[in-house]
Structure formats: structure tokens, C-alpha cells
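Presented below are the structures under discussion, each in the form of C-alpha cells.
Presented sequentially are two complexes of chain A, the first with chain B as partner and the second with chain C.
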Partner chain A sequence: MSVEIIKRVEQLLPYHDLKLISQGAEALVFITTKHPYLPKNYKSLDLSTDADSSKYIIKYRPPKPYRHEILDKQITKSRTASEAKILNKLTILNFKTPKLISMDAPHGLIIMEYIGYDLNNGDISSLKNHLWLLEKQQESNNYNPNVANDASVESLLKMVGERLGELHLYDIVHGDLTSSNIMLIKDSESETGNVEPTLIDFGLSSYSSLSEDKAVDLYVLERALISTHPVYATQYNEWMLEGYCQAYKAQKSMKRHVEVIRRLEGVRLRGRKRSLLG
Partner chain B sequence: MVNLDQYLKPNQTEYYALGLEGSANKLGIGIIKHNIGQLTTLNKAEVLSNVRDTYITPAGEGFLPRDTARHHRNWVVRLIKEALNEAFGCGLHDSFKKLDCICFTQGPGMGAPLQSVVIAARTLSQLWGIPMIGVNHCIGHIEMGREITNAMNPVVLYVSGGNTQIIAYSRQRYRIFGETLDIAIGNCLDRFARVLKISNYPSPGYNIEQLAKKGKNFIELPYTVKGMDLSMSGILEFIESLANDLFNGKKNKLLIAKNGTNGTNEDEEKITIEDLCFSLQECLYAMLVEITERAMAHVNANQVLIVGGVGCNERLQEMMKIMVLDRNGSIFATDERFCIDNGIMIAHAGLLSYRMGDFTELSESVCTQKFRTDEVLVKWRDD
Partner chain C sequence: MSEKPSKVLEFESFPNYKIFVAYFINVQNTDEIKSELLKGNTDYDFAFINGENLLSLEQIYSAVHKCLLDERFNRKKSKTLHTEIIFNLAPQRNIMECLNKFGISSSSTDLLVLKVLNLEDGNSIQEKEQELLAILKKNINGDIMEFDDATLSERAKLPSIKKNYKLGDTFTEDLSKLNRILIGITQLKGL
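Moving on to the complex of A and B:
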């Protein structure tokens, strides 16, 4: 099945050598070395970007054959357009995300910057892979040194919380937070390998000023951490919420923070939402 | 593998269970037989009888709890006699001695109908001196679906009049990954059928499906998938108002379909009730298939099992099949005997927990309208 889909993308984007890197339920993500419209060997003069200018990401939403044609077109178009709009908005706001390069909403294509690097084991640098690598190392070292107490992990998760807080202060909710939707990028200034988290995949994002929606965002991340990093999730989550608080403190809007956290308690207790025991 | 025969009585080679189901407008009685040993494709559960009576209301009306409970009370004795007779072919006084346990739906469901069936179960249990077992209705659907289709570890889409959940098994619980945030899909279809005043026999959803087969114009409806959850009350509201405009002859530009490209009057076509049914089904089922696909990607599964009353719908099965084949997976669905609420599934799930040594004391046999699927510890599985 994926062969057919790849063929279809190749038809839409000839001259792009595509490498599939991830396939989710809704979209396929490819890597390519060719910019969609700039001449070959063009070097960006824009030094503010940390992105690797030799690689680009193509996100493709294939048509779903099970859906009615009209419905499918409408969904693909609106979701692609809304993702692109939010990416663009975030770039204008100077919020660190992959920058939008090009898009084709009716065909469900988005081309954006490549961010991230390869981990020691060759995986892409998502927070999930990074933490899994550390967790595995720790387990083979007989829980010594302890990842859950590692200062670098602590600061990383606090930064995740800060990023999320900043996003929420712009009244944007992510809608699909998991540890694989957080990419790590290397700080361009220091060569020592200081890593920084960046939120990606704004396919389900929307504008909302309701603290309810922000609390659900936090809750979704909390659930995702528990299911992907069961042993350390409590500690991770604590750090993340600390960072989240920091972001509000920096903007002197602690009132809103208190409101969101109060809502979060409510969301956790709510019966209708999944009471996943254990 | 869990040993299912830890509590085997001396000389016992098989188990029999009676199941009573009455959580909504169907009263179902079933008797199932398990041979000792693991349940495998060679040692399958045997359905001895599966009888059902549905409380059908006039077109345009739903079933009220009080009237449904009265229907169940009126029919329960007759159906139990019929089921026992069909299963064992001998009189009541000889047949009940073969039963190991009496299983009943403990929830979730409508309070009054549940209550009337629990009373029947308690009475029989006291009368015959047989232990009783309270069963979660959703678990009944899932276990019966697995037994019938031989699906090993599927993602389960449970769609019925009162529930819309996407479920996957993990560490001895059926965990809910996504569900409706407001009304259930069957409820949405039933209520739309009431607006159209179409017959409730054999079921409103079936009649909508038949109408939808004749529809061809697609109207865009709200599409409300929220991650792995969905919401359906807004869609119902939207299509209800469209249907009312259609009946009252009010002008509404959504009620005119344009087929041609030149936009002349000749290309215009009035939207019909059939088109509304068609659009509603397309929209709702696309949402269901989408969340199922998300759940499959999330838990890395490639089997899908559809259970519950709406699971009989052929269009839903067809759409799911296209999606699943695209992912190189397989789809499992059952027919109306096992999709629609029935007693046999309660008997089957109840017998599984009986074989693990569980039963419900009389004092604990209270039924509950809210009983979540993930509250049940699935002792009979350990994978």
C-alpha cells in the first residue's frame, strides 16, 4: 500500500528524491534534499535558522479511499491549510518550530524545514527516542546513573514545559502532544551538544483561549508520557509542569496558570474521559 | 495461557451457562456450552440457544425506560423457558440442573430494564441454588466477538445505541483509547430516524441504511473528530434542522444539489431524505474509521473487530475493510445474531469469569448504569 502512495507523491512532486521516515494514521513524512523552488546549491543567508539547509521535510496526507470523495477533499484541504497557517503564525511569533516552506492544500502537501539530528543509535532525535535511549542505557547499567535524577533530562523536560506554556500563552493549543511529537535540536552556538526541545506536528492544533482546552493539552501529554515511559513518567511530568509554570511566571500571568492547573485537576477526575486504571 | 479449569468439579467435562441480557430495548436469553480445556479454534464455545425479543415502539418514538422494563418483565419467563427447551430439549425441571451459573448484565445500560432482568436472575439463582455472575455488557460484546471470529488481539470498535468506544487490550484490561464525548452513534441514528418518522422495525439504523443505499448526493456535514475521540451531537442537530426545513418546505441552499458545472437550473436537484441518510452515514462512519485507524497506528495492531448493534451495518464494514486492507490487516465482524445485544454473549463472558472462580454474591448483585469497560479485570487472559 505504501508503495502506491509513494508513487502518488512522486507524481505530485517530480524531481524530489523522497525517503519515507514515518507513517502515521493520517500522514506520511518524507525527507528530501531538494528545495521546492530555490536553485540548486543555494546557500541561505539567513543565519537565524538552525535548520539543516540540505534537507527538507515533506508531509503528505494521502486521500483516504474509504471516505466519500467530497468529504475526503474537504478534510484534507482544511487540515493541511490549518496546519500550514499555524506553522506560519508560530514563525511570525518567533516560536521555534520547523518553518513552512511551501504547501499545496488540495493535495495535502506541506513542505517545511528539517530539524533535528541523528541519535547515537541512528534514530531521529525525537524526545521519545532520546529518552528511550537513556532509559535503555540505564537499565543495562543496573540503574546507575539514574536517568530520573539526571540534571540534563530535568532541564530538558522543564524546557518542554516552558515551550508548551509559551504556546498556550499565544492562545494556541497543540491538540496531539506526545513525546514523539517533540523533536530535539542541537543548540547552534554551543558545540558541546546542548539540546533543546521543539514542538512539531500541528495537524490538530487550534486557537483557543479556554483554560479547559489547555488543560486537556497538558492531560494528553501526561497520558502519553505514562504510556510511553511508564517507569519514569511521574518524575518527567513533574518537571514538565514546573517548566510550564515558569513560562507563565516569565509573562507575569500566574493567574491564568492557576486557572489552567485547576482545570487540569478537573480533567483528571472527569468520569467521561478515559479512566484508564493502572 | 491461563488455566481455565482450576475450579473444575469432580467428573465435570463441560460447563453450561445461562445468560440474561436486558440493558436496552432487547431482551436476550442464551445458553452456552464450553468443553473443558482452553478455548481454541478446535475447542470452540457452543451456542445451544439464543433467543431474543425486541421492544419495538411506533415510528417517531423512542423506548422509554419504564415501558421497556415492563416489556422485559412480561417476556423474561417465556423466553427463559423457550431457551432452556431449545438447548436441552427436556422440561424445565430437568434442564436447570445442568446449568453451572446464571449470568446477567450488571451494566452499563438503562436503569429500569437492567433492574427487571437482575430480579429475574436473582430469583432463578435462589430458586435453583445456582451461583450468579454479573457481567459488563461491553466485555460481553468483545469476548463473544473474539470467540465467533477467532480474532486474537484486535482493536475493538464497539458501536451501539448507548456506546461508541475504541478499545484495545493491554495488561488484563480492555482499555478505552477513544470514545464519544457526548451521544453514542446508535443514539444519533435512532434520533434522526425519529425525526424522519421511519419505522423502528427491525431497527431504526437498518431502515436508515436501506434509505441511504438510494441516496447519491453528498451534503457536507460537520466532521468532528477530536484526536481519538469524537462528538456527534452537533452533527445530529445540524441534520435535524436540515430535515425539518425539508419537511416544512423552507428554502435552504444546502437542500439543493448542483450536479453540473454550468450552474443552470436544469442541473439543480432537490436533496431528498435518502440523500440525508446517505450523507449522515458517510460522515459518521468516516469518523469511526478514522479513529480506528489512529488507534491501530497507536498500538501497532493490524486486526479490527467491530461489535455492537451498529456493527451490522454493511457500509461501515465496507469502509473499515478498505482502510484495514490498506494497512495490510484483517477485519472481523459478526452478523446480527451476535452484533445486536443478545443473551449468549453475557453467558459466554460470564462463564469465562465463572471458570476463573468469580461469582457475584446476592448482596453485590446491584446493577449500575455506569460501568466502564476498563473497570473489569480480565482474569482469563494473560497475554
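Moving on to the complex of A and C:
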């Protein structure tokens, strides 16, 4: 199955080297070292695109054999287009996310900037991998000293909350928040090499001003943290929500914050899906 | 000035295509060029792109690449690759409007002249480049410049970019950011 899909991408992008890094139900994600249209020695005006690292992300939505062919084409195209549009929108808003480089919506392809770096153990710098690495260290240290819930983790989780708050203040909901959909990037401006979190994978994102949708976003992240980091989740969530509150405070929108949190309590009681019984 | 003011752009993913480009400023005879182009004179079979809306090579690479992709999968919206490139640079949906604002018009003084070559005819690209350059020098009454980011961003007119791309509040004078916005517009064109 997966071999067939990879053959398809190779046919669509015969000149790209492809390294599969993630495979979900909806899409496959590859790393490539080739820019789709810029020559190798070209230095972009856009200085934040680090041409030397020359790594790019290819996201491919393969045809789904369980859907009707015509419907499948429409769905693939519209989801790819919607993801690209949101990425572009966020770039315009100065919200840090991977930048859109190229796309082929009818074939379900998006090529975007690679962000992130390699962790000490060689894994990609998602929040999940980062925290797992720290948690493992902590366990082998016999829980002493506290590397998995020290001040740097605290500030990281707070920043996650802030980013999410900022996103929600733009009336965009992420739709699929997990700790692997949060990438850590090294802040190029700070000399200490501070890492900061960046939200990625806007494949299920949409525009919404409803507190309900924002509350569900928070709830999904909460549950994801509980299942991927069971030992420390309570603490992580607390920090994350603190940061989330900060973002609203900074915009003087505490009224909206109160509403989302009230909703969140309701969502926690009933789960992600709204009751259809009215 | 450099010996070789025209350039040939290449795409690894489209090895058969070579894109000839040259950049002219202070063009005096735009009306004449436009009327010959409309007559279908083969010496004027180029894409004439208004320089004032152009900020970087990346913008051109991005638009041409999109056109070549659309050509490969038969999804072009206009008749020729040259119009399609202009169409993809512009945000407007109406092809005539795109050609007026991003192609050649009486008010344009700076022109990016571009020709897509499909190298199956055996000619060497060097010969072809010289031949095309000679034709352009004969027909265009203006000064040829090095085609690079420095020329493009220096000759770009930010107020025109703001107006023609209908940027409104999203306009910024930060060129790297503006460049990113323009590329986004090209890549999302038609969706």
C-alpha cells in the first residue's frame, strides 16, 4: 500500500529526492533537499529562508481508494488548497509557520519550508520528541534533577499556549493539535539559541470565531498531552493554559478568554463531539 | 555593464525547457512593440512583462514553474505559455486585465522580456540566446540591464505593486516580506 503511494509521488516529482518522515491517514510527509524551482546557488530576498540548510517539506495527500473517484479528487484538491491558503494567510499575519513554496492542488501536493532542527538523538524537533527525550533523561536520573518539568519546559509550554491564543485571536482554529504538530525552532535572533514552539500541520484548520471551536482545540491538545506525556500532562496543561491566557491578556480580550475557558469546561464534561440530541 | 545581459533560466524538473530572459529600462517604443505583438509578428513572440510589478527573480521562477506544471497537466487557463506566465504573476482573474496591468502598456518603461524555449529543435542554447538578444536589441528602443534581484528590486515601483496586487493593508515596505506575499499570490492563483 505505502509502496504504491510512494511510487505515485516519485512519478509526480521525479527530480526530487524523497525521505518519508511521517505517514498519517490523510497525508504523507517527506523531506527533500531540492527546491522545486530555485537554482541551488540562488539566495532568496527572504532572509529567513535559510538557503544553506536547503531542506524542504513535501506534503502529499494520496488518492483514497475508499472514496468515489470524482469526490476524492474534489476533496483532495479543496483540502490541499485550504491548507495552502491558511499557511499563506498566517505568513501574511506574521504568525510563524512554514512558508508555502509551491503546490499542485489537483494532485494533493504542497511544498513548504522546512523548520525545526535535529535533536541530540537525531529525531526531528517536535515538541513530542523533545519532551520524550527530557522525560527519558529524567527517568534515568531517578527523577533528580527535574529536567522534564523545569523552568525551560515551563516557558516552552507557556509559549505553546501563547501561540495557540494568538491563532485563536485571529479567529483561526487549528483542528488537530498534538505535541507532534508543534515544532521547536531555534530562535535565530537570540544568541543563547533559545528554542520556541511553532504550530504546524494546518490540514484541518478553518476560520471560526466560535468559542466552542476554540475550546475543542484546547481540549484536543489537552487530551493529546495526556496520552503522549501521561506522567507530566497535568503540569504541562496548566502551563499551556497559563500561556493561552497571556495571549488574550496581551490583546486585552479577557472577555473572550473567559468565554473560551467556560466552554472548555463544558467540552471536558462531554468530549470533543457535540451531542446530537439537542 | 556585463558582456552577457540576457540570461537563461532552467528548471531541473523540466529539463526540456529553457527560459530566455532580458531586462530593458527606459523603453521608448512600447506602443510599437505592443502593436507588433498584437499583429502576431513572430519577432515579437515573447512575454513582455511590466517591470514595475517585479521584485525578485524568485517571483519569476515561481510563476514560470507554475505555468510549466499547468502545461504538463493541461490545466492552462490561457492560450500560450507566455500569456499564462503574465496571468500567473497577477492576482486578477480576468486575463485581459492581467495583460493590461502586468504585460506591456503605453505607460510601461521597464520591460522584462521572456521567451520559453522548448529545446527539441537541436539548436544550441548559446546560439539561440545570441539570436534572440539580437532581435530584441533591434526592436526595443531602450537600455538593457543585468537581470538580477538588484535590478528588479531597484526598478520596482512599490506604489504600483500595492495597487496592482490589491494589497491594501497587507502591503509592507519590508521587501523580503512583500516578496513572500507576491509569491503566495502566484502560488494560490486559480484556487
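In this section, the second predicted complex is superposed on the first by the 259 of 278 C-alpha atoms of A that agree within 3 Å, B and C clash if a C-alpha of one lies under 4 Å from a C-alpha of the other, contacts with A are read in each partner's own complex, and residues count from 1 in each chain.
The rule is simple: a contact is a pair of C-beta atoms (placed from the backbone, for glycine too) under 8 Å apart; a residue touches a chain by one contact, two chains touch by 3 or more.
From a predicted model like this one, the values you see are computed outputs, not experimental measurements.
Trainee: Of the two partner chains, chain B (first) and chain C (second), which one does A:14 touch, if any: first, second, both, or neither?
Mentor: In the superposed model, A:14 contacts chain C only, not chain B.
Trainee: Does chain B (first) or chain C (second) touch A:81, or do both, or does neither?
Mentor: Second partner only, chain C.
Trainee: Is A:92 contacted by the first partner chain B, the second partner chain C, both or neither?
Mentor: second
Trainee: Just checking: does A:34 make contact with chain B only, chain C only, both, or neither of them? Give me first, second, both or neither.
Mentor: Once the two structures are laid over each other on A, A:34 reaches chain C alone.
Trainee: Between chain B (first) and chain C (second), which does A:220 come into contact with in this model arrangement: first, second, both, or neither?
Mentor: Only chain B; A:220 stays clear of chain C.
Trainee: Taking the superposition as given, does A:103 touch the first partner, chain B, the second, chain C, both, or neither?
Mentor: Only chain C; A:103 stays clear of chain B.
Trainee: Under the definition above, what is the set of chain C residues touching chain A in their complex?
Mentor: These residues of chain C touch chain A: 10-13, 55-58, 61-62, 64-66, 69, 73, 75, 149, 153, 170, 175-177, 179-181, 183-184, 187-188, 191.
Trainee: Touching residues of chain A toward chain C in the complex: what are they?
Mentor: Contacts found on chain A: 13-16, 34, 36-39, 42, 44-48, 81, 84-85, 88, 91-92, 99-107.
Trainee: Per the contact definition, I'd like the list of chain B residues that touch chain A in the complex.
Mentor: 171, 173, 175-177, 179, 181, 218, 220, 223, 226-227, 282-283, 286, 289-290, 293-294, 296-298, 319-320, 322-323, 325-328, 370, 372, 374-375
Trainee: If you look only at chain A, which of its residues touch chain B in the complex?
Mentor: 1, 24-26, 64-71, 74-75, 175-176, 204, 220, 271-272, 274-278
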